[in-house]
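In the two complexes that follow, chain A is the common piece, with chain B as its partner first and chain C second.
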Partner chain A sequence: MHDGALPAGSAPPGTVIRMATLLIEQSTAEAAPIPHMRLSRQEHERLRRARGRQRALTAYLFLLPNAVFFTAFLIIPIIFLFYLTFHNGGIITPAKFVGLDNWRRAWSDDLVRTTIRNTVYYCLLAIPSVFVIGMILALCLQRIPRGSGPFRSLFYLPTLTPYVTAALIWLFIVQRDFGALNVTLGLFGIPPQNWLGSTSLVMPSIAMLEVWRGVGFWTLLFLAALLALPPELYQAATIDGASAWQQFRHITLPLMRPTFFFAVVMATIWNLQLFDSVSILTDGGPSNASATVVWYIYKAMFQFNDKTGFAAALSFVLLLFILVLTLIEIRLLRKPA
Partner chain B sequence: MAIETEFAELRPPADITRATAARRKGPSLYLIAIYGILVIAAFIALVPFLYVISTSFKDTISLFQYPPEWIPSEPTLDNFRGLLADYPFVRWMLNSFVVASAVTIVKVVIDSMAGYAFAKMTFPGKDALFLVVLMTLMVPFAATLIPLFIIVRDLNLTNTYAGLILPALASPIGIFMMRQFIETLPTDLENAARLDGCSEFQIFRRVILPLIRPGLVVLGVFTFMTQWTSYLWPLVIGTKTEMFTLTVGVQSLRSLFTVNWGILSAGAVLSMLPLVLVFLFLQRYFIAGSIAGALKE
Partner chain C sequence: MGKRILSFADRRRLRDEAVVDFRHGFINRREFMLRATAAGVSAAFAGRIADAISAPAPMPAPSRWAKQADATITFIKGPHHPDDPKFWDTLKQEFEASHPGITLNPTFFKWETMDAELTAGYASQPADVVYLVDLVLAKFVNAGQVADISADVNAEDFAQEKAAIAPFTWDVTDFGGKTYGVGALGAAFGIFYNKDLLDKAGITEFPQTRDALVEAAKALTTDRVWGFQFRDSFPNYAHWDWLPYVHDDGGDVMTADLTAQNLDPKAAAATQYLADMKLVHKVSPEAGAYEWLTGNRPLFEAGGIAILHDEFPQAAVWEVDKPVSFNLGVAQAPATTEGGEQTTMGNFGYATISEKSPNKEAAWEFVKWWTSADVINPYAAEIGLQTVRTDSSPDFKSKLLQQVQTEFVPKVQGVQLAENYYEMLTNIWPEVERAYRGEQTGEEAMKKAGEVVTGLLGS
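The block that comes next holds the complex of A and B.
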């Protein structure tokens, strides 16, 4: 057939194939890189690096505004704080070097120990309660067929309240004579308690405020995590006859680990800085039973006589304490045991 | 974008509710108990608000009645009138509004820029810089209070808006959030824009920003809320009454005189009102703001 298509007496078929190959080669050669795009290895490398530099420069420009603010208002202050711990004065009088004096004072100060103890006590009261209640409410919200939206909004309402306002509202609630809490307890025949005036009740009262204000936040966090869990696992577990408790224990809890990890880390960082509600409700009283670390920093700096260096040392203790605790939490919680 | 999917997820998966319904027939005891718990919790969440709202409408006599009235028999606006007449309450609210808005606008802009750089660009030192951002998440604000105060005072910025605003701009959480949002965007989009000859800044303006609008609102709402409720910094930096923010002002209602419960409750109600109103309109963004980042950890 092909032979027939060829002009008679032309070159034998082998030549045609060779010519065709040549033609193909030529045409591909024509489609090859346009001369100016043919780069030598070095040129290529140079351009690539120039482009990389330009991109890096752009990236740094994008980071610049934040870098400026971070340097000025976070990194320099931390270095400055360290410097301040070795000095005294500074608010009214110029600072002078005092060596390790402030550290020694912070170490031997009884009130420092009290404030650390109070702060840790508060965290141990508030964080587990708020997590357990938040988790229970999240599990409830997950299980109801309708009405979850309004409940979510209602639970979130206290979180919207500024701490200051929440603390003022709490003043009304725990007020001894006409406060809602004592009135309610009175209905059950429990005598009125002096919630903020008793050394043993004051920290639980403040922790209660935190639970009231914070529980909505954690509920929604946990709910979002619960709803993101793969339903197949539960279906499989149900088929295998696992009880609700077993499913919770062996599916929900392990899968929620990353969320708990985040929650524990953030909650410790926040709660160790307890100040707002203490400053409004009790100002550290009665007899320092609600004095917290940040409260003491504030007092030492702004209300006692210019104890800047001491307050700085205390701030540094807080910084290290939170840093170390967070790193421990990360170690313990990051990977399944 | 990411937010909408998160919110689709916030509805309970049909499987679970169906499983719940299937396990027990009809409106079971189980569901009633669950609703019971939720109603009690909602009641506890709400009662303090109702209490303080009701108090704000009471006159001095019914304030101390025992047992207290839930709905004042003779509601009065005297407390609100007294508050607005005797205190620069409107000024405090304005201060809070100026500070919170300024911080919000600046943070949304610069954090989305930084988030874009961390999510999509390659440059030397990227990992180290991001580690710095993560580390600063652990730095308690209270620890830098004293050096910050001295710096801001030496810059002569006490009792100024700049003094209230600037330190709040050094907060890492927004960078982190924006990086998470932008990371979820497909790289093809930027590459297409790049082939069309867009500069990196144009890509950011025209491609990235429109796509992460929900994320921007989340960050904005979150930042505004944090600033509106912030207390410690405004307390130390604003010493003149007219430079108080709302939280500091409301708190001063209590310490200036012996407690005037009526005025105090009126102040508490008014200080919550703006955020609650914003919440009603932007609800989903508030909630998303509090869960953003956590889910993707």
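The block that comes next holds the complex of A and C.
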């Protein structure tokens, strides 16, 4: 080691420690001459790999707890669910192989088509409504220079309300005789409506409930995005004589594209899984007018006899449906601004 | 390498990092931890050896999770009363006092998530004793999750008790000649009426036929009062109000042997009759107008409904807990014609033992104890439910409940014990609703409903 270089062949496994010891000793030894050190290319490569492995191992160790839960509660159940799609039973009865029967039924069952139609109809009602209302509220809040906190809390409050409570509150709101909705309509001379009992009004009623519950969340999301927009662009636009609408149309909307992209994808995923309010308010009625895909999956899985395989197949249909819709949305929305 | 002389800065850094060094006055933390651990482990090990030599090993302290008695029985049911957990604290003490060596662990599922909770329970480690309502009994029996208790039920020491429990319950729990449960509690469903409104309309006796009911409802209906109201949506259990009319006409979801549908044509007239109440006679609100708990009940309490189909345990509320401001009466659904049959709809629950229970003997002791007259009657009186015993009845505070127990419960024609029964009800209900809205006749509705049942019988 006359020149400080370690012979490549003699590097023991603890080379890093040795090197470190040597460096510490050299740096701490008083009046000791600093030796000129040079590592061979192979030694450099070995050290780089060892360090890389150590970093990777550390990362994996940190990820391990989460990976265990992810595998136990998501990956394994999904694999098991896929296995169930080819069987009858499997939860409280032994699984019996039935080939593609469950997939065939999922394809041909009239109620499946009804539930998909209802779910899409609900999404078309709820998602644009909640976005428009959320955006309007966010724009209003953005213009309040001071004291907007209570309003933000107020708008967010329904989002914090548990589903069951929200649904029960909604039952009173849409009550035929003394419900706030019909009483308000009565002020304008509109006769009381049968909100949850009419096949044509039940889905809009449920969509209204979900908009009421969700609007606070989307308002805050849009508000956060609005507040992050660079003010100098608006100042420049004002100097150039752009109207408020032009500023909104040509600055705000394009700059908020990433937020809208996130919002549309997430809202689609969440709303396609509509279940709680339907289960509590209508149980799919009247005449299956509010039956949704997840409602049917729940019924088939837990309330109907021996339909776990069919429910599993339906779950996969929903998964594929969400996946396809999300991919379409990504393709449509991910254009450069 | 010779002995190093540390600079002041190095000493300070090492002092910050280190604890003690035998060479330079310091050792690093890692070394210290290794030595300390080694010393600690050695000391502990030495202590154990010393203990083992000096004295016999002490008895291990019982874990709080360990079985606290010879057998621990877990019992699960849905809550029948807001204070049900409190009632079960008392029952637990009484049971454990009379059965030394058996610990009772009463638990509850939520009615709204009953199916999911029971399915999850049976898929893993179910409670030893499960209270199963008739709607789901067949499903879990056929899945092999409920233990056959024929030997216990038919044993000599249970003969007297068996005779004191209503025969229909033994029919219900009989699957292929084997018995899977003991009847415990139930709720009967029927009619409440506002006597004051009937008196005011000159109706001195509750109508006994369908035609008489129509006339009475017409006489009672005003711009502020609905003459007659019944539940019409599935989440409100509307089928319980529809089925007595179907039963009275000799119809049901399936034939008695559960091999064919029995709705088409027998249930058509009953369906049309109820639809006409809304559409033709206009004595009932339009379909879906009023939700059961937030619509029907408050309206009835306020005198806005004269005759209401509801569940009889509500009598305990309207007569005792929060008495209504008018005289109240109870009745069965009227017969189709004079002297015709009048049945009562009922929904009953059974004490069952799980097939996976490791403590079946102790579980049977609990089932016997809970369904005995001395225990079930006072409990039923507290929660306001009916019992299925024929030798005695609960001492209800509500006189109306007493009337239901003695007059109507013996006439109960309940649900049919078929594994697809709930799915049948779910799938036929949209057709009934369409008839209630006037989108099809009762006959057309039952034709489609019959096809639904036939399809499910074949599946």
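Methods note: the second predicted complex is superposed on the first by the 295 of 337 C-alpha atoms of A that agree within 3 Å, B and C clash if a C-alpha of one lies under 4 Å from a C-alpha of the other, contacts with A are read in each partner's own complex, and residues count from 1 in each chain.
Quick note on the criterion: a residue touches a chain if its C-beta (ideal position, glycine included) is under 8 Å from a C-beta of that chain, and two chains touch if they have at least 3 such contacts.
Because the structure is predicted, anything quoted here is derived from the model rather than measured.
Upon superposition of the two complexes on chain A, a steric clash is found between chain B and chain C.
Legend: residue contacts after superposition of the two complexes on their common chain; A:Gln246 is shown touching neither chain B nor chain C. By the document's definition of touching, both partners, chain B and chain C, reach A:Phe302.
Of the two partner chains, chain C is the only one that A:Thr282 touches; chain B does not reach it.
In the superposition on chain A, A:Phe316 makes contact with chain B only, not with chain C.
In the superposition on chain A, A:Phe172 contacts both chain B and chain C. In the superposition on chain A, A:Thr161 contacts chain B only, with no contact to chain C. Counting residues of chain A touched by each partner, chain B versus chain C, the larger count belongs to B.
Shared interface residues of chain A (contacting chain B in one complex, chain C in the other): 91, 171-172, 177, 280, 298, 301-302. The part of chain A that touches chain C in the complex is made up of residues 25, 28-30, 89, 91-93, 111, 171-172, 175-177, 194, 196-199, 280-288, 298-299, 301-307. Contact residues of chain B toward chain A in the complex are 6, 9-13, 15-17, 19-21, 31, 34-35, 37-38, 41-42, 44-49, 51-52, 55, 63-68, 109-111, 113-114, 116-118, 121-124, 126, 129, 132, 136-151, 166-167, 169-170, 172, 175, 200-201, 204, 225, 228-229, 231-232, 236, 246-248, 250-251, 254, 259, 261, 264-265, 267-268, 271-272, 275-276, 279, 283, 286-287, 290-291, 293-295, 297.
The touching residues of chain C, counted against chain A in their complex, run 1, 4-7, 10, 115-116, 119, 122-123, 138-140, 142-145, 232-235, 285-291, 294-295, 299, 419-420, 422-423, 426-427, 429-431, 433-434, 437. Within the complex formed with chain B, the chain A residues making contact are 52, 55-56, 58-60, 62-63, 65-66, 69-70, 72-74, 76-78, 80-81, 84, 90-91, 133, 136-137, 140-145, 147-148, 151-165, 168-173, 177-178, 180, 183, 212, 215-217, 220-221, 223-225, 227-228, 231, 234-235, 238, 258-259, 261-263, 269, 272-273, 275-276, 279-280, 293-294, 297-298, 301-302, 308, 311-312, 315-316, 318-319, 322-323, 326.
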